[in-house]
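Note that the chains take the letters A, B and C in the order they are written out, and that residue 1 is the start of every chain.
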Amino acid sequence: DPSLHEMMKIDPKYRSIGILGARTGAGPHIMAADEAVKATNTEIVAIELARDTKGGAGHGSLIIFGAEEVSDARRAVEVALKELNRTFGDVYGNDAGHIELQYTARASYAINKAFNAPLGKAFGLIVGAPAAIGVLMSDVAVKTANVELIGYSSPAQGTSFSNEVIIMISGDSGAVRQSVLAAKEAGRKLLEAMGGPAPSSTTPYI
Amino acid sequence: DPSLHEMMKIDPKYRSIGILGARTGAGPHIMAADEAVKATNTEIVAIELARDTKGGAGHGSLIIFGAEEVSDARRAVEVALKELNRTFGDVYGNDAGHIELQYTARASYAINKAFNAPLGKAFGLIVGAPAAIGVLMSDVAVKTANVELIGYSSPAQGTSFSNEVIIMISGDSGAVRQSVLAAKEAGRKLLEAMGGPAPSSTTPYI
Amino acid sequence: DPSLHEMMKIDPKYRSIGILGARTGAGPHIMAADEAVKATNTEIVAIELARDTKGGAGHGSLIIFGAEEVSDARRAVEVALKELNRTFGDVYGNDAGHIELQYTARASYAINKAFNAPLGKAFGLIVGAPAAIGVLMSDVAVKTANVELIGYSSPAQGTSFSNEVIIMISGDSGAVRQSVLAAKEAGRKLLEAMGGPAPSSTTPYI
């Protein structure tokens, strides 16, 4: 419908859209969508982050793929759903909060749209909630290796008022991975000191 | 108190205010307030939507009626409270999220203030949470009948970062009602596929 | 790290930072931080309020102290943590919502930064959630004694879309305390009528 397209600010050239969204796990959904745009003939039309997570401290997501063919839109959603099990792997939570780590050797259009990350370069995402944990993780991450800090989000800027501090880093793939892993160690230790065991949501992948 | 009136941006001509609010059900409260302004000598002074719902994906509400007489303000609140049982009728929820439908043959001042809907015309509200459900419901609604799309809200625009997509429609009363019912069918089917039975909060009224 | 300092907008003169934060109790944390800046050689660098409280209607907090010496930053956090038991004393909650009262005879830099309150004067904070309770408490507070209303926050202005109405008052210490206590009486009565017993989180201190 053209009036809905216009309200949603979707370019009319996309005759089909694929929709991905959930109440929890904005980061895992964006990373999964990034693999989907690499693998299909689609573009990322919108990424919006609700203040959600079912009473948790983070974001839910709404991600819209645009495609000229309905089969491409459907395929993008299928690819993304398959990736989710992996991308939830480095989300660790307990009653005190959660931490999340993401890493890819090559960022594509979803990561670029959501986090303003350079295309084709290694990318790391470091999230700590409550926000105080994220500050500590960020400090560890940038001190561990020579990475470029491309973004910093906190409750009052860059988030939807979530209780998170989030940094995005880019650079050499080895350095980015090393920074992410060091932040994970530090964040998980603190989170577990505050709230007991904080297991992976699925299986760690980084 | 004049300083409080000023901070709250309430016109001093209102010597009395009636206050309606809750942690859940912003839509049902606005619809109930709309009946209250039709039935009493009051005006809608403010409608504010918190990101709330007790860990759910939607909004809580704060609605303020202004009146010159205290009896009018009290009456407005009484009328609104009585309407709530009805206006929660087409709110359906489960662990995955919720959908909400509202319909009136004649929109009054609360609906006009909250949703910018034309006064005196039929009005429909279509809500899906998480937001992805709302996108699908919106698409069904605008394709079902010839209605005017008067608003579109999503996590990043028009909501308080809730995990909802919301559309507001206006037009011929039969067409509006038909669109709302079609969106309800589609939304409830999807919500139940995601999270099991999603019963009405009270008794469906549309 | 200088790039992180810059992203966080922290003056490079602070070689050490102290971090305080939690998922619940923004008010108690700010009041505790206020005692910490009085007692140590630190400054308040940032106070950010997430929309959090573990599914509740209020805010979580991120508070950053800046110091030239690491021992000062650590001491500020220690002092604040010790104060928290007291500052949670006039937080009362049940399933319907919560109310919060804070009072100090002399506001310092944390209260000044968070609430724009005059330094060195008596300060009172009055919070009701859902927001409708806060409107009533505010009305009682400003009618009880001759206090200056220095701020009013509601779901759509001044909060992070929390379901609260919050007022900040200043003035003569006896008047401020009297206003706060009257608002507490009225708010607790209403909250308990809505949701049953609403006990103090620790021990009332005002």
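By definition in this document, a contact is a pair of C-beta atoms (placed from the backbone, for glycine too) under 8 Å apart; a residue touches a chain by one contact, two chains touch by 3 or more.
This one's a predicted model, so the numbers in the text were calculated from it and none came from an experiment.
Enquirer: Quick check on subunit B against subunit C: do more than half of the interface residue numbers occur in both copies, making it same, or fewer, making it different?
Expert: Shared-number fraction below one half, so different.
Enquirer: Quick one: superpose subunit A on subunit C by CA and send over the rotation angle as a multiple of 5°.
Expert: To map subunit A onto subunit C, rotate by about 120 degrees.
Enquirer: Can you compute the centre-to-centre distance for subunit B and subunit C, using the mean CA position of each chain? Integer Å is fine.
Expert: Taking the average C-alpha coordinate of subunit B and of subunit C, the gap between them is 32 Å.
Enquirer: Considering subunit C alone, which of its residues make contact with at least two other chains?
Expert: 51, 55, 160-161
Enquirer: Can you name the residues of subunit B that touch subunit A in the complex?
Expert: On the subunit B side, the touching residues are 51, 54-55, 57, 96-97, 129-133, 135-136, 138-139, 142-143, 148-149, 151-152, 154-157, 159-165, 167.
Enquirer: Considering the complex alone, what residue numbers of subunit C touch subunit A?
Expert: Those in contact with subunit A are residues 1, 3-4, 7-8, 17, 19-23, 48-52, 54-55, 60, 62, 64, 160-161.
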